[in-house]
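Every chain is named by a letter (A, B, C, D, E, F, G and H) in the order it is written, and numbering of its residues begins at 1.
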């Protein structure tokens, strides 16, 4: 098992311009006290670095990988082909993307044998939450944090609903 | 931990017509010796049954849920809103779907807070493999089965490659 | 029958950020003197609140429900599955939507048995008008207001046409 | 109020080739004992007939109109512009349609002031059910039939679920 | 035959907000000295005005009609159904349009028997040029103007090409 | 003016496989007694033949050209760039087309200065009718035929409507 | 330079089910007497084999690579990231593809620095012709074959045109 | 063989407004010391200039052509039909384009016999890199420059990765 503070989630992205989206995955994992590492791994510009990263991920103690990319977004799928760990893919609507469709389809539509757990366009926060749900299967601390998070989310909606109800009506 | 043969994966679908697609998730889990249960839960025709199913899933020993649906496919997302377990969504190109786009988008594009781990259109087999990857984080038997599966998959490609190389060339 | 000022239309939305769109439904109903209530009901963050809202709607005197949501927009369809009242769905082009396509398809493409009366993207005003048309079947006051509204709409176009004709021509 | 057997719903379609889809609206209304009339009104080939049909609909005792069309599907929207009655639009994936997208968009995307209650592609059955929900607001008989229909729908799913559960499992 | 200055082209649009696009059709016809009239005719808000406009167009001396509209853009097709004159349709990317797709498809995809000569999204200028090409079949003056226009267009490209060639190169 | 039987419409297509669609344009022109010529002109495989065809079209007595093509359908637009005659484009859903979208967009979306009068996907019959409408501006015989055609079209719908009304109803 | 019969083009595909499409690339290269090799390299099931294949391609004497794949089609782009040779990508409409859109976008939309020369959906023959055009820059034999091929293509169109012209006309 | 500084790549575009995108192709070729020429050739406004340009390209010493265009983007495909040289197509998201889809499809979807090597939307830089890869097959200087470029690209990613790793982590 991983030591305290040893990363259990690897968060990677194809380009430093993706960081403004992918930071949300890191932030929510920090909230859940899940240790993570964060770096850039470009499938197309550093393919061998990608092979090394994915091949060594399990041995280094990672339990799952969150990978974000845009356009012809090959990073999540290629990582998934190189490790036995579950991979969560975040399609990013980057500047070179056609309204996000390329990002979504090239991450989602993986062939049989090599799934990528795809979340919504730009939904790095949800990638972090999904990671916590997965880790929560065997980690009570994470499960507790997650349960509290969901409760708070519900309460925030209820408060906003109350505020609108008081102002609104006919 | 779950008793032998107690289901750890719930496989559900919106309609019995989805079974011909979703069976592949059950088949691969059987290969991996992961106990599962299989049933129909319609978000739209049996909403309270859906609430019951999802709300009791964790307490009943399930560790994750695979949900398949087509058209305005609300089942995976609604299940995810009702349980803390990870939910894998399988968009199905059902007869009432517009080429599968509705199925994909209404499963994938979940709001922040409630992710669904979406796989490719009709990719129930990949949903089963993803489930095994997730369970494999804390279950050595599943990890072993999965490792063997991935190795065999690679070898089958290599054999086919060899066959084509012998026939082909100029 | 409903008492004076008792809401007959429930206007709900998935998030407070949807209010800037959905307000138009409330405004037009106010013009038509149709009593309404307005609140937030999130299918994904408050699913049980949603069940309660929809299940009690008819008994509370509501005659129809207008529900707006964006992205994987499950609220209108789930409300429709939980009540016998007609449900009007407003697809919202929210910030997490792929150009509105996900919102439209996940509201429109409901399976047989559970229709949602879908209006155009962001067309909350039309949702209100449709509600008035439906209530107008059995409510003369509403029908009268609606008839006047349609007449005025026609006259406004005719005035603008006249203005352009006077400026334009060859 | 309408006399017994006087049609309260008008079901119209742009072409006789649409009948194989639109028949389902008639069938379900028959089940609900809602009197209807059924005919062809082509927006493009018989525009004046369309004007007559829509203009006289209310006076003839109709309470709502279901209109189905495919391709550049103008019938539902034009009918809505010519009557104060609610109009339900059924986009049809006709042979001249581009995968149904033209049918959906030209019915759904109506401008402010003239809504069409749009249902899913080819979903004539749902158009009939939506009509019953609307009429059910002020007609107890219809509401009763509808309630029974929804109950039966739920039970059919539960039976199928039970059958699958007995066959399935690991 | 039409008197001098009697309009031979009718330019109509569904809303005054379309004028900023449709003005380009008027401008180019002015350049070609083709008399035109310009007004608003809303298919949905003034359907009977639309019927009158189209039904009387030929008798009033118009030879063709240019109609622009956005969203569920029924105006061009409905005009075409009500007159024997050729109708040129301009799909407009209006504020209520889904990226212009609805506008394009609901104008272009007309059924057999009732064509609309559709031009590119927002291409009102091209609608005017197409009108001139059509009138040019039997009107030498227009043909001459058009020929000069095409020559000038070619020369402008050649001048710009020359300017770039002088600045550019390796 | 053209001699009797001298073609006034040129019908061209990019490939002989397009003939099964484009024949409908020829058939309807035959019905209208409009002389036409029919041949294959491939923009990509015979570009100079295309230049010759378009450049000489006006001098040879043609008054307009109908061009059909599929996939990256450049024929209609290139013909339009090489002649002053109006060009009607027929997007064809050929075997190498992506559901017809490429055919539609590469014909419709012409730049300012060079319009193509685009009709619906595969709508060669409508291309012929549009040609007749255009010629009908200055040719009374064609106008008469066209008027009769439209009348017959209307009557056929009315007959079918009557047949359905007699069978249908509740 | 390569020895006689040493492959200069590598034709690879993601799965043996792609062979029915990719064979056309091999066939046309055979016609042009360009030596090629043909094999299966799966980006997702045999990622290290892919790395080896691409990394050694240049040293083995290959001058360019044609790669075909469907769905989340990562093979062409990953090969391009691993070699300095030009890579031609063939998007394949495989059974797991959403009408080919995923195949096209995940091959075409490569980020800056790593282009893939993408051809049309399923256009393996064109990939072979493009390969010949590229090799023809520095290989007179290939250029000659290609010139003859283009001439024959033109003549075939002209013959078919002649045949249709003789049958056709009014 | 070409003299020193004689252009070997022709960079052309449909309009001077495309220059802001296409300049990137020129810039990268300048970096690689590949002589190029740059001009405007409009398929639609200067078709005969296009025929001249393409027909004389090979004789003038060009080895390949990069052509950029938007909307109904016929330039790359028409150039390809008029020369034996390889043609690289750059789809441009111009102001008259529908989100770039028309540009992409009308360049990519060429029929058998006439390929265009298509790169990503607006990816003029990649067009220049692809040109260098193609020329690099028979030109050692270009190959060297390209190899250095790819190495630098990799190192830049690695530096950025290092910077993020130092800042990031849990």
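Here, a contact is a pair of C-beta atoms (placed from the backbone, for glycine too) under 8 Å apart; a residue touches a chain by one contact, two chains touch by 3 or more.
Source: prediction; values computed, not measured.
Trainee: How short can a path of touching chains from chain E to chain H be, counted in steps?
Mentor: When the steps are counted carefully, the minimum from chain E to chain H is 1.
Trainee: Which chains contact both chain A and chain D?
Mentor: Where chain A and chain D share a partner, that partner set is B, C.
Trainee: Could you tell me which of E-H, A-B or B-C has an interface matching B-D, in the sense that over half of the contact pairs are shared by residue number?
Mentor: Interface equivalent to B-D: E-H.
Trainee: Using mean CA coordinates as chain centres, what's the gap between chain B and chain G in Å?
Mentor: That gives a centre separation of 35 Å.
Trainee: As a quick test, compute the distance in whole Å between the mean CA positions of chain D and chain G.
Mentor: Centres of chain D and chain G (C-alpha means) sit 50 Å apart.
Trainee: How far is the middle of chain E from the middle of chain G, if each middle is the mean of its Cα atoms, in Å?
Mentor: Each chain's C-alpha centroid was found; their separation is 43 Å.
Trainee: Provide the C-alpha centroid distance between chain C and chain G, rounded to the nearest whole angstrom.
Mentor: So the centroids are 52 Å from each other.
Trainee: Residue numbers in chain G touching 2 or more other chains?
Mentor: Within chain G, residues 15, 45, 71-72, 96, 98-99, 101, 104, 108-114, 120-121, 123, 153 contact more than one other chain.
Trainee: Please list each pair of chains that are touching.
Mentor: Chain-chain contacts present: A-B, A-C, A-G, A-H, B-C, B-D, B-G, C-D, C-E, D-E, D-F, E-F, E-H, F-G, F-H, G-H.
Trainee: Write out the stretch or stretches of chain D touching chain F in their complex.
Mentor: 5, 7, 15-16, 19, 26, 29-30, 34-42, 45-46, 49, 71-72, 96, 98-99
Trainee: Can you name the residues of chain C that touch chain B in the complex?
Mentor: Residues in contact with chain B: 14-15, 43-45, 47-48, 51, 71-74, 77-78, 80-82, 96-98, 101-102, 105-114.
Trainee: Name, in rising order, each residue of chain B that touches chain G in their complex.
Mentor: Interface residues on the chain B side: 99-101, 104, 120-123, 153-154, 156-158, 160-161, 163-165, 168-170.
Trainee: Going by the contact rule set out above, which residues of chain D touch chain C in the complex?
Mentor: Contact set of chain D toward chain C: 63-64, 84-86, 88, 104, 108-121, 123, 125-127, 129-130, 133-138, 143, 146-147, 149-150, 153.
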